[in-house]
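Chain IDs A, B and C follow the sequence of writing; residue 1 opens each chain.
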Amino acid sequence: MNNKKTSFSFSSVPYILWIALFVIVPIALVVRYSFFDLSGHFTFNNYQSFFSSIYFKLTINSFWYAFLITFFSLVFAYPTAYFLTKTKHKQLWLLLIIIPSWINLLLKTYAFIGLFGLYGPINAFLKMIGIGEHQLLFTDFSFVFVAVYIFIPFMILPIFNSLDKLNPALIDAARDLGAGAWTTFRRVILPLTMNGVKSGIQVVFIPSLSLFMITRLIAGNKVMTLGTAIEQQFLVTQNWGMGSTIAVFLILFMFIIMWFTGQKEKGGTKR
Amino acid sequence: MKDIIRAAAIISIVSIILMLVNAKLNGSGNRSDTNSITVFNWGEYLDPALLKQFEQETNIKVIYETFDSNEAMMTKIEQGGTTYDIAVPSEYAIEKMKEADQLLPIDHKKLPNLQNIDPYFLDLPFDPHNEYSIPYFWGTLGIAFNPELLEGQTFESWEDLWNPTLQQEVVLVDSAREVIGMGLNTLGYSLNSTDKTELQEAVDKLATLSPNVKAIIGDEITQLMVNGEAAVALTWSGQAADMMADNESIDYVVPQEGSNLWFDNMVIPKTAANVDGAHAFINFMLDAEVAAQNADYVGYSTPNLAALAFMDPAVTGDERYYPDEEARDHLEVYKDLGLTMLGHYNELFLKFKMNLQ
Amino acid sequence: MTKLRKLPKVYLTFVFIILYAPIFYLIFYSFNSGGTMSHFESMTFEHYAAVFEDKRLIIILINTIVIALLSALIATTIGVLGALTIAFMKNRSMRNAVLSLNNILIVSPDVIIGASFLILFTIVGVKLGFASVLISHIAFSIPIVVIMVLPKLQEMSPSLIDAAVDLGASKRDVLMRVVIPYIKPGILAGFFLALTYSLDDFAVTFFVTGNGFSTLSVEIYSMARAGITLTINALSGLIFLVTIVLVVGYYAINRKSKTPFAGVRK
């Protein structure tokens, strides 16, 4: 495929230019800032303070919630995507999954505050069926729920795309050979859709690490993540140095994740 | 492939048509050649009808932009790129902007309406002789509460927030200086304390409040209080006014130990392109009737003494919005503590928040 | 799967109810004469009337739509080229490195992207306003397109390309007639999610905008302190309605003219 590489090289110019200008340059700026303190002196202190207990806890929190969000997104998105491929007007339904994400997020968050509220419809329903009133806002549950709500279209789309192209003959063949529904899914469907699942996990897990707005609005600051800390450093304390340092670590974490998932890819695909 | 190209073409054409429509909408105010000013303000913090009136009276076109935090606004002004002629920072931000040399002095000779402002609100420590800023709105920090959800509990002192019956009932505003300041006030210290032992005491005191804290949130406090979702909130008077407007049972007090007195002020950033226009705008906003109309629209307290005559006496006579001078004596204005101290406040606040769960 | 016919319907209904619940909640209160998103008082259309009276709001809405459409379109183009670049890289660790770079903007919080883009634009001297916002939106939407397109490229069997080449197709033909049609669902997914990114962004836009140019998100977030008016609810309701009509209408027309919507049937 050597010849192909050269044939596409001219068309990769815009993308490479984008990486240089809008990825490398900003990251260089961020790294540079991370070495300066409030009064503009060169320092390693920011890195030192990152290794304090607060940021360790924030890092653990960020990963834990990102994991939960990704896990539940996947659990709910996979069947959704699968069932969507079986519907009659699947392309239309798929679009209808995306449309809610075009309405402003802050507004939807306000709506969730109302929906989850003590006097909101969900609690009214819980009361009606006899479970009784519950404090839903400012809990882990509501936080993960809203985060999954935000991210789920990003999970459904790539999975749908890989399921949709699945050759039905393969499934029929598996069934003909006596495989049960679960075996068929595990041995045939899942491996063939792995690329889509991986994309979905990437676009959910990575941004979840730096979630911030809903940690305040929905979780009432009872959930704190690295994203919240960065936002604070930039917008309240105006300590761009410390904020940048946290961002550098976030990026490092992402690289590590990419490296690990990339390793697995070797065994997974046949190319 | 063909349909992709067709779709791309349709999108481009639609975009171009929309841009033309916008150019037309924008152009109907025949701007660019005439003089204009750019106003940078909090969202929903000015009656839009007044902008139109100003444009008609002075023939100066107003370009209106909004921000959602002092710090974000300062970053924009510092980086340049836009020529803001008017900005509306809070008092502590003005000190910072002065220090960073981001402001132009205001020529009082061009502001005949300045005499409308209550002298009490002039010549304050954050800007002596109002060299760089003119007060726009002001208010206090206090406790908003809903008596219907509380059994006869009242709030005269900050200590009342610690009442064990308030478990998981209190909502705090997500801001380091307000929350730690409340801790300091409760212990009788100054809001502007830079003494680390005092701060530590305040934080230890706050830690014992944790069981009562339901959530620490931002502007959504208003919605939660109005819904009856929360019973007690540490909040600013402006937001309390919004709450009371939508839910009559809510009340607001400033505890006796003292609290914060805040100001939002009009300034002329160094980047201003139309300094005369900016002065004309400030003078216009200082007009008694204009200020009254604006205060009605926004719902915050105006420092414009002459404007009070044009407003509803039920509002201007309300001690909660317009406390008398004696009550004001207990109030303190924030000083800029410097970035290092602010960082320390935020670190303490972060620890407080992390121990909430 | 015919045995399970009921389950999918129930499940999908459940998913759609949740997805649309907050939106219907917003729209419900847009008819509230009470002025807030609680305690429905009585039915009114005044907030809808207010939308049409507010010329500034309409200009901002059009800005938002134009930025979203153009940025998504351009980001999709560059993103597809990027995905092709990555997919045809021989060196696996190189590929992984580029993909990691690709994801940096996804992991970075918006404030950081916004602040660094602002610095970048002021250094280069780009006038803040339409152009700077458009460029920024293109920039932060590219990675999502790449991630959406990449799995489709990886699924594509190399034999497909080889066969085309064997049949004498030029490289251009291979790209246009074999590769692009095959990855089309990925391209569409990338485009639509780029729209989402653009429409939702507040922090980056706030930093890089200027000279009177504003988008809906910036407006809405700045209203938070003094309270978001129901005019915004009404506006969102209208946007939602128009979008649904456009999508369903477009779909119906397309079906009639018998070109399937994303119809790569091979």
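The definition used in the following text is that a contact is a pair of C-beta atoms (placed from the backbone, for glycine too) under 8 Å apart; a residue touches a chain by one contact, two chains touch by 3 or more.
Because the structure is predicted, anything quoted here is derived from the model rather than measured.
Trainee: Name whichever of A-C and B-C has more C-beta pairs touching across its two chains.
Mentor: By number of C-beta pairs in contact, A-C is the larger.
Trainee: Based on CA centres, what chain would you say lies at the far end from chain C?
Mentor: Most remote chain from chain C, centroid-wise, comes out as B.
Trainee: Cα centroid separation between chain B and chain C, in whole Å?
Mentor: 33
Trainee: As a quick test, compute the distance in whole Å between the mean CA positions of chain A and chain C.
Mentor: 15
Trainee: Would you give the residues of chain B that are in contact with at least 2 other chains, written as numbers and ranges?
Mentor: Touching at least two other chains: 72, 218, 220, 223, 227.
Trainee: Among the residues of chain C, which are close enough to touch at least two other chains?
Mentor: 37-38, 77, 115, 119, 220-221, 224, 228
Trainee: For chain A, what residues touch not just one other chain but two or more?
Mentor: 110, 114, 119, 234-235, in rising order.
Trainee: Considering the complex alone, what residue numbers of chain C touch chain A?
Mentor: 1, 8, 11-12, 15-16, 18-23, 25-26, 29, 37-38, 77-79, 81-82, 84-85, 88-90, 92-93, 95-96, 98-109, 111-113, 115-117, 119-120, 139-140, 142, 144, 147-148, 150-152, 154-155, 158, 161, 171, 175, 185-186, 189, 192-193, 195-196, 199-200, 202, 216-217, 220-221, 224, 228, 232-233, 236, 239-240, 243-244, 247-248, 251, 260-262
Trainee: Per the contact definition, I'd like the list of chain A residues that touch chain C in the complex.
Mentor: For chain A paired with chain C, touching residues are 1-2, 4-5, 7-9, 11-12, 14-16, 18-19, 21-27, 29-30, 76, 79-80, 83-84, 86-87, 89, 91-93, 95-108, 110-112, 114-115, 119, 121, 149, 152-154, 157-158, 160-162, 164-165, 195-196, 198-199, 202-203, 206-207, 209-210, 212, 227, 230-231, 234-235, 240, 243-244, 247, 250-251, 253-255, 258-259, 262, 266, 269, 271.
Trainee: Using the touch definition from the top, list the residues of chain B that touch chain C in their complex.
Mentor: 1, 3-4, 8, 11-12, 14-15, 18-19, 21-22, 25-26, 38, 42-45, 48, 63-68, 72, 75-76, 79-83, 218-220, 222-223, 226-227, 238-239, 242, 246-247, 298-299
Trainee: In their complex, what parts of chain A are in touch with chain B?
Mentor: Contacts found on chain A: 38-39, 54, 57-58, 110, 113-114, 117-119, 135, 137-138, 216-217, 219-222, 224, 229, 232, 234-239, 242.
Trainee: Would you tell me which residues of chain B are touching chain A in their complex?
Mentor: Spelled out, the residues of chain B in touch with chain A are 69, 71-72, 74, 168, 171, 174-176, 214-218, 220, 223-224, 227-229, 339-340, 342-343, 346-347, 350-351, 353-354, 356-357.
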